[in-house]
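Shared between the two complexes below is subunit A, which has subunit B as its partner in the first and subunit C in the second.
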Partner chain A sequence: MKLLPLLLLALAGPALADSAQPPAPYAYRQLEDARQEARARALMEELRCLVCQGQSIADSDAELAGDMRHLVRTRIKAGESPSQVRDWLVQRYGSWVSYAPVLGPETLLLYAAPLLLLLGGGLLAARRLQRRRG
Partner chain B sequence: MKPKLWLAIPLIVLAFFLAAVGWRLSSPPNPTVKSRLIGQPLPEFALAAAVPGKPALTSADLKAGEPRLLNLFASWCVPCIAEAPVLVDLRRRGVVIDAIAIRDGPADIARFLADHGDPFARIGTDPQSQVQMALGSSGVPESFIVDGRGVIRYQHIGPVMPQDVPTILAQWEQAK
Partner chain C sequence: MIAEIGLAALSLAAALALLQFAVSLAGGRLGEVRALVVPVAVAQGALTLFAFAMLIWLFLRTDLSVRLVAANSHSLKPWFYKVAGTWGNHEGSMLLWVTVLAVAGAALALFERRLPDKALQATLGAQAALALGFFAFLLLASNPFARLYPVPPEGQGLNPLLQDPGLAFHPPTLYLGYVGLSVAFSLAVGALVTRDVGPALARAMRPWVLGAWVLLTIGITAGSYWAYYELGWGGWWFWDPVENASLMPWLAATALLHSINVLAARGGLRAWTIMLAVVAFSMSMVGTFLVRSGILTSVHSFAVDPERGTFILALLTIYIGGALALFAWRVGSVREGARFDLVSREGALVANNLILSVILGTVFVGTLYPLFVEAATGDKISVGPPYFNAVTGPLTLALALLLFLGPLLNWRRDDRPNLRRIALPLLVSMLVFAGSFLFGAMSPLARLGLAVAAGLTVASIMPLVGRNLRRTPLASWGMVISHLGVAVAIAGAASDTAFTRETLAAARPGETLTVGPWTVRFNGVDPVAGPNWTAVEGHLTATRGGTALRLDPQSRTFSDPPTETNEAAIDTVWDGQLYTVLGRQEPGGRWQLRLWWKPMVTLLWLGGALIALGGLLALIGRVLRDRRQRMRAREAFA
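So, the complex of A and B:
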């Protein structure tokens, strides 16, 4: 008798936090023009899925990621450039939505770090070489 | 004495690393994504009616001189059920509420309204989340307060709960 609730539980379907609507037309379909599709694809790999947060929209099966792919593909199809589409999203969600960081006050250190490290390493190496020569 | 100090460096690095990890574990980053359109005019859109007998929603409807609460909901969204009675209460207090149904069908929306109350003046349907993205919203439920000139004044992310009512009412008054 104790088994019955367990059996019933096994039969129960999980409650899905997803809509009953079909995916958007261009969520899982490529653009007809291969060159446009290549550009859309490259951009989709650099856009962050809004609800999964660790994945690009190219990688994610979340419904909103599908809708975002549809948005990217329809805008590229309509003749917009990938950077226009990216800017449109950044305007709404901030640079957070893009995996290609733009140069700004928040990212200055990110871009300056390689130069600083190279400079520091160069100074160390130069001092070493001088000492050896001397 | 000097070489021994050098030996302590990995330990110091480890201590910094552990402190950083501990700090992030104790105060995790906020995962909600705020719209950057607060203070900006509402993007243009025209949505079809979500249920028969209920007016459709266009961006022009949200520039009619009176502030409006724009609620993004869906019949498949569980927290939307939690906020439904609070929206009904806000409507009773004079807040005019329009809605956008995200990825939803007319039969499901009609059932949701019948079950959980219908405080909405207009409901537009956004089956592919395209207007949701134009608004800089990343989930349901979310609510925006739009003033009479169509400028987005406030965004509430997640369900509007009873404790949020004073804030919503204050923002609503400010938008007048």
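So, the complex of A and C:
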């Protein structure tokens, strides 16, 4: 089902065409420090590949995704925290780039939704059950 | 000529749908209506199927005077992919959708024997109304048979990622599932119209829901594996809107098939079951059409094709809004079902439905939320894996825990539930939880997942303990196998999250890399050529202890349209999969290699297959039992 959006991409033509540039060093290479790499990896999974259809930069072959992986790894290597890197990217590309929406007035309802659903559904079921007993 | 014949068949089928709807609406003497409506429904199904066959033929001949073929096919494609390419595009997949809808209507008309005439008539009327809207959509806004002039010398080809056996089976399976739920929808509408909601309705609806659910399960599982091996990064679920679109009907159908059992066995949960039947197919429609309209990528892509977008929105509003309005109007007259206690089989099934509904609601909100934000404020936000995993992960585990006890409870009330039977599974869970700390750091969710999966593996079999296995109904076997499948799938997902090892590197021929317990030697590359692609094939030898595997991942280049794809080489051993990908050559002669060792990941899809198998057994069991009962009733009459 992941592939169905590609049906649309097929119409869009060769959007994946590469430039002749060599890939950035950390696009396809891990950081030497395993703990840094794990942190970078976790962050990359939460960043959207801006030119793909619903893929994170951690699983895309697009050139831009490679550049962004390089950027994330270099910054983590330089000692930045994942949230610092994310904030920097959000500032540069907008909230669209982060798969984890920032909690704010716009997203309050999004984060409240599961709780509201659970509470509402639970209350409804409880009331039905009580009426049945009574 | 072929295109025109196909179009004519489609138009005729649409006219028959109109006739079927009108006759059902008008009523009249019941016997006559039935005698008229059934052949009309069958003819409508046959004509639509014929039109679809014509489109396949056009693709097979690569008739470039048909716009759809020219835009999506190519004369050099292997014939298999020419056929599959029929539904690898918007118009073709819509025709497939409508074909399944019409054929399902025909099957319902032919084989449904339990329902009273009045209910069947209302149901077929509802099915015709559904078909009519989608016929109109095809004919007015998505004509697959439209001609193209001047005729181009060659077609534009199909996206190479879609040139895969997955395309041949994945969309049709999902569509059969989506549209199978249309029958449940029509049955619910029919029941609301005739104010007759009871066990008979549940028994009529159950095989359709079970069948659709099995196909959806297979479709989702297979699609997940397809994405896993085709995309080349080892991921198997992305919370992409398109995936969510298939997950939502599945979640609703899962809830529905549990609540149907309460209605069939105990006459309870009447209004709720009707509601779920409406919601399940509504989710199918929302999923297919919102995704197809492109609206989910961006609000702005909606405007690219306003005609189709508006059409789809209008259809969704009419059908979903209409069914919900009918529900609100008639729900007061649906009698309250049989009573039950909190601690009872029904109580557990209500809890199951509650959790599934919350998951469904969350996926729905999360999928559509970016759209609302963009429409309201113009800001573009993304809602993705971090959100969905955080919500659905714990809820899924809660649902799995409920499975420890639920199937062991009595109907109606259970004052002394057999807690001894869940002691062993709970103990297993706790042991695995404690033991998991020996394996070092992993996410809490993965740790809990491993523990719950281990316990549920034991718990799922408990309902069979102490029973005469020969006399245990097939449906009970089905339940046990499906629940075991849930445990197995959770184990696979948790194991992949907890234990996967990754190595990304660039290597020269002759160099060795390690990934997890494997030593992988890169032996070099060779050129290879296929029918419409050329490739560089890498040669790898992986060794662990005495085991040696050969893996040959390819990096393919397709000419029409020009695209590069990675064909991962995946080797399955008993305790997991070794996943290897060959990337590009870097300046300096090194080749990029991506290696993953994924212990036990195979369990994920095995679990999905078990869930589907359980559903299939239940379906067979129910149908056979139903036939036996009918034959016995006939003998008793005679």
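To be clear about the criterion, the second predicted complex is superposed on the first by the 116 of 134 C-alpha atoms of A that agree within 3 Å, B and C clash if a C-alpha of one lies under 4 Å from a C-alpha of the other, contacts with A are read in each partner's own complex, and residues count from 1 in each chain.
Throughout what follows, contacts are C-beta pairs under 8 Å (C-beta built on N, C-alpha and C of every residue); 3 or more make two chains touch, one makes a residue touch a chain.
The shown structure was predicted, so the numbers you read here are calculated from the model rather than taken from an experiment.
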I'd like to know which partner A:L64 touches here: subunit B for first, subunit C for second, both or neither. first
Which partner does A:G94 contact after superposing on A: first (subunit B), second (subunit C), both, neither? both
Examine A:E106 and indicate which partner it touches, taking first as subunit B and second as subunit C; both and neither are also allowed. second
Subunit C versus subunit B, contacts on subunit A by residue: C
Check the residue A:L50 against both partner chains and state whether it touches subunit B (first), subunit C (second), both, or neither. first
May I ask you to decide whether A:L118 touches subunit B, subunit C, both, or neither, giving the answer as first, second, both or neither? second
I'd like to know which partner A:R41 touches here: subunit B for first, subunit C for second, both or neither. second
Which of subunit B and subunit C A:Y28 touches, first, second, both or neither: second
Subunit A residues touched by both subunit B and subunit C? 16-18, 53, 94, 96-97
In their complex, what parts of subunit A are in touch with subunit C? 1-11, 13-14, 16-18, 22-23, 28-30, 41, 45-46, 48, 53-56, 58-61, 94-101, 106-107, 109-110, 113-114, 117-118, 121-122, 125, 129, 132-133
Complex contacts: residues of subunit C adjacent to subunit A: 71-72, 88-90, 93, 158-159, 161-162, 166-167, 170-171, 174, 219-220, 223-224, 226-227, 230-235, 238, 240-243, 245-246, 291, 294, 297, 339-342, 347, 350-351, 354, 357-358, 361-362, 365-366, 369, 373, 377, 379-387, 391, 395, 502-506, 561-564, 566, 583-584, 586-587, 592, 594
In the complex, go through subunit B and note every residue touching subunit A. 31, 33-37, 74, 76-78, 102-105, 108, 127-130, 132-136, 138-139
Of all residues in subunit A, which touch subunit B in the complex? 15-21, 24, 50-51, 53, 63-64, 67-68, 70-71, 89, 91-94, 96-97
